[in-house]
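One structure is given below, represented as structure tokens, and several questions about it will come after.
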Amino acid sequence: MTWPEIYLNPVQGEILNNIDLGDGMFQLVVSAQEIADRVKPGQFVSIKVQEGFHPLIRRPYSVWNAEEGTLEFLIKVVGTGSKILYGRKRGKIDMLGPLGKPFPEPPYDTDVVVIAGGTGIAPLMFYLKYHSIPKSILIYGAKTSPSDYLYSRMQEVCDNIFISTEDGSFGYKGLVSELVEELIKTKEVVPEKSIFFLCGPHGMLKSLDFLPHERTYVSMEGVMACGFGICMGCAVKKRNKKGYFRTCVEGPLFKLKDIEL
Amino acid sequence: MTWPEIYLNPVQGEILNNIDLGDGMFQLVVSAQEIADRVKPGQFVSIKVQEGFHPLIRRPYSVWNAEEGTLEFLIKVVGTGSKILYGRKRGKIDMLGPLGKPFPEPPYDTDVVVIAGGTGIAPLMFYLKYHSIPKSILIYGAKTSPSDYLYSRMQEVCDNIFISTEDGSFGYKGLVSELVEELIKTKEVVPEKSIFFLCGPHGMLKSLDFLPHERTYVSMEGVMACGFGICMGCAVKKRNKKGYFRTCVEGPLFKLKDIEL
Amino acid sequence: MNLEVDLAGLRLKNPFMVASGTFAYGIELGIHLPVEKFGAIVTKGISVNEREGNPPERIAETPCGLLNSIGLENVGLKRFLKGKWSKLKTIGIPVIVNIFGEKEEDFEVLAEELEKAGVDALEINLSCPNVKKGGMQFGQNSKIAGRIVEIVKKKFKSGPVFVKLAPNFVNIIDVAKECEKKGADGLTLINTLMGMAIDVENKRFKIPSGVAGLSGPAIHPVALYIVYKVYQEVKIPIIGVGGIYDYASALEFLMVGAKAVQIGTMLFVNPQIILEIIDKTKEYMRRKNISDINQIIGCMQIRKYRR
Amino acid sequence: MNLEVDLAGLRLKNPFMVASGTFAYGIELGIHLPVEKFGAIVTKGISVNEREGNPPERIAETPCGLLNSIGLENVGLKRFLKGKWSKLKTIGIPVIVNIFGEKEEDFEVLAEELEKAGVDALEINLSCPNVKKGGMQFGQNSKIAGRIVEIVKKKFKSGPVFVKLAPNFVNIIDVAKECEKKGADGLTLINTLMGMAIDVENKRFKIPSGVAGLSGPAIHPVALYIVYKVYQEVKIPIIGVGGIYDYASALEFLMVGAKAVQIGTMLFVNPQIILEIIDKTKEYMRRKNISDINQIIGCMQIRKYRR
């Protein structure tokens, strides 16, 4: 039996920075040597947003970037947990990780197309940055224009960026799925020569189900209770088969051909 | 029916400072105009130590000082709530107050002797500072020597300070009750010409039960669920009578002759 | 936008009221809170004779919950009618008087006297110990529970009689059905869960009596499910109570069928909570284009159960 | 310092074990956690046939609690024995296999096969739906519960049989006594409370099946009181479970009489929690001059109840 590359000792990180990036998102920067040294792209860290038992369970966040003992996260304010995290400007923070399987090594002979919605960009940017990928394309969809800062960070990891905004304030006006269809039509993206990595809201993933199932990977973000394989809470339905995968240890990345969205 | 001088709209204070004073105590400074403008010595503020429902109930803290929109508290790290408060260095904090009955106006013709154990000093110092009291004596007991800072703050509000420490590191070596007996013996304190205000741990209060019951006031610190008179949780037994007082609205200050310790 | 509900004949201008024992007699906060905006007031439990309640500690905190053992402290029927009721009835919203007894006859006396006083409605607390049965709670036996309902219904005619139950060591569905059969006009679900906490450092119960009642957000999912289930078994209206902490947790009760709800423990944390719930509910209804709150009630029940 | 306890004949080097369903089959964490330091392992529930479990969402959070509806997903008896048990038995600590069925015969098969495999002990989960009784849980009827115990006891001889109960819509004391009468060697108290949560924004159950099981710190005071009460009514040992979150909340169970405890939900938050509890318990015993953990067990029970 092979054990996953995870680390089960909670680490007390120190919040270094917590910056509002607009559009309901913020950047959380935490010093946490043990995790930063180990983490690989695609893995996540499970954060106890505050002391006590409310919220009770940790919140998993993909690592956006890791270097020199420091972790960066890109987080959207959604509910109880993220709202509290948003308010935490300094202090200790209890983190468990890295968790989950890292993304696979990128192939050297194929275009890597990453498609992200919202904070789904986080693990994909880390992936692009971590590996030296000969040709990559980054496609990002959001409601409105990314902040200058976020955009400049994207430019650091990729030369080929396409953006869609629902309000048309930046790039293509419309949904990211429409932008992807457009890019395929204009041959900017050639599905047969690419592999795809998707991460984002469920609706976005579903709208991209037309991509080649064998060549498309999806990073899933379902609700998790434990994050390391013992609760069976993070079930993702297998495609054309009985049973479920556990997102946390068998994922979070899956081939589209293997799972039902 | 007369309503107490309390204020039932939660106020979002802003933490300005949170300083370790040694001996397990810290000073919390919060900006909260609505409360600072209203509060009188002896009243307390009920603090929601963090968002969410754990800890569930507010923690009552006596006001140590209030001026120009700012409140100061003197807090000891005891359990869940105070531990979390200790870690909160900045940010918003949800406060309800002022609550409780203010201490009575000091008599102009009598010595005012305040006797405190640990953080029980907080309301008594505010009392001494707030009123211009012709002659006051401050007696403070603790395990070990107060910090220089705390001592200098005492000096600001009183010229007649006596201190006992259990480890003998400062002042009288022993319990505060022994010091009080000593001071009575040496006529520094003349019970018949004084009124007493006590605040501190239960054991200390009990050990001072020999003071004249008619001339001694005790500020109680029992567990409170609401803090404003609706839960009946903060019962203090009436002396020589059936029934209980509610500490929060009928106190926290009681005449020793009225309650059982 | 309509927030008014008809609760067994009581017209509430909104379905949000205080829970018994968590708002004293209802008159304490006076000028500090516009109580008249609540849907109704429920008084703390009233007994025939005055009770001084339990010695401290009466309160202990648990994760997201509160244990209490107030010991049903109250001024007794006579002083209640004289001092409290005369003020309560001037507030202008329905007042539900919560009653409890130690023996069957107590309930009879209470029903009779409160009928004379003309109170709007009664809520029978059956989670109180039956001294004749060794302290077993009235509500832990459906036969006994039913008999109390009969007794009270016989004497009290001026308004609806609600029965308040807890799920401790009993099948609450059986008790609920029996109470309905014996004429209860509605059910209040749930009273506190029995709980306990120990201070291991000092090897003592945090509350001297040992057992205490657990309330607060911790019990919300349990209370919600009980309302959901009992709704499917009875026809009389249900008042949902247990752990409500915001408008959404209140609406959850309405969605599983409660006609109204009570807010208890969280009043201690935020005395403004009912006013906030009213405002946020209006905002929700506006956002969702719901013109009448009655449209929400029971919407999470499948049709065959709808009454 | 002695932490060893005798649990119905099982010798545990300490009384702290995992709760069923919250540590998978017990072998998943392998190199990541020194599982051999636990008092015992309890496996997730095993049924005769493989079950794929429920569709998502299987988990929802409530204040200080967790609702789950995993749907008893498991590989089934055959694959359990082949793939999991062979690894489990090499760990070197007692393994309690948790079993459940849809009908009485299922329990018989499980007991028989697990006896053959020589497992150390069984824990019968009676909070599973009885398909012949319209999904009512086996544990909600003391007669049915007792019969299951009889069936299992007849077939399983290699070690003690524990019965795990929940207090939902039943008097758990009655069920506990009946199980004892029918030969149960011990009781595991408590399984999850039935609970529910609704997403009012989208008018849907947070967990599609509606009802789910509530666990976590929220239920600790309730579980503790149940252990306290049942201890007074039965002679067989009790395993306490429900909401344990640190050494003190674990010792509370021992103090009201539990011989051992299980930790569930909080493992998800802190996988190291059992190791921490063991360390902190030792520290506590040192501080309090307690040489044998058995001195703590039942110390909060008044003498007449002590067994």
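For clarity, chains are labelled A, B, C and D in written order, and residue numbers in each chain start from 1.
To be clear about the criterion, a residue touches a chain if its C-beta (ideal position, glycine included) is under 8 Å from a C-beta of that chain, and two chains touch if they have at least 3 such contacts.
Model, not experiment: these values are computed from the prediction.
More C-beta pairs in contact connect the chains of B-C than those of the other pair, out of B-C and B-D.
Using the mean of the Cα atoms as each chain's centre, the chain most removed from subunit A is B. If you average the Cα atoms of subunit A and of subunit D, the two centres end up 36 Å apart. Averaged C-alpha coordinates give centres for subunit C and subunit D that are 33 Å from one another. Centre-to-centre spacing of subunit B and subunit D amounts to 47 Å, using the average Cα coordinate of each chain.
Residue positions 62-65, 216-218, 245 of subunit C are each in touch with at least two other chains.
For subunit B, residues touching at least two other chains, in rising order: 52-55, 80. Interchain contacts join each chain to each other chain, per the touch definition above.
Of all the residues in subunit A, the ones that touch subunit D in their complex are 1, 3, 6-10, 48, 53-58, 80, 96, 222-237, 242-244, 249.
Listed in rising order, the residues of subunit A touching subunit B in the complex are 50-55, 80, 83-84, 87-92. Put simply, subunit D touches subunit B in their complex at residues 63-64, 217.
Considering their complex, residues 62-65, 67, 140, 167-173, 193-198, 200-201, 203, 205, 210-212, 214, 216-222, 224-225, 228-229, 243, 245, 248, 251-252, 255-256, 284, 299-300 of subunit D touch subunit C. Those residues of subunit C whose C-beta lies close enough to touch subunit B in the complex are 21-24, 27-33, 44, 52-66, 68, 70, 73, 87, 216-218, 245, 265, 267-272.
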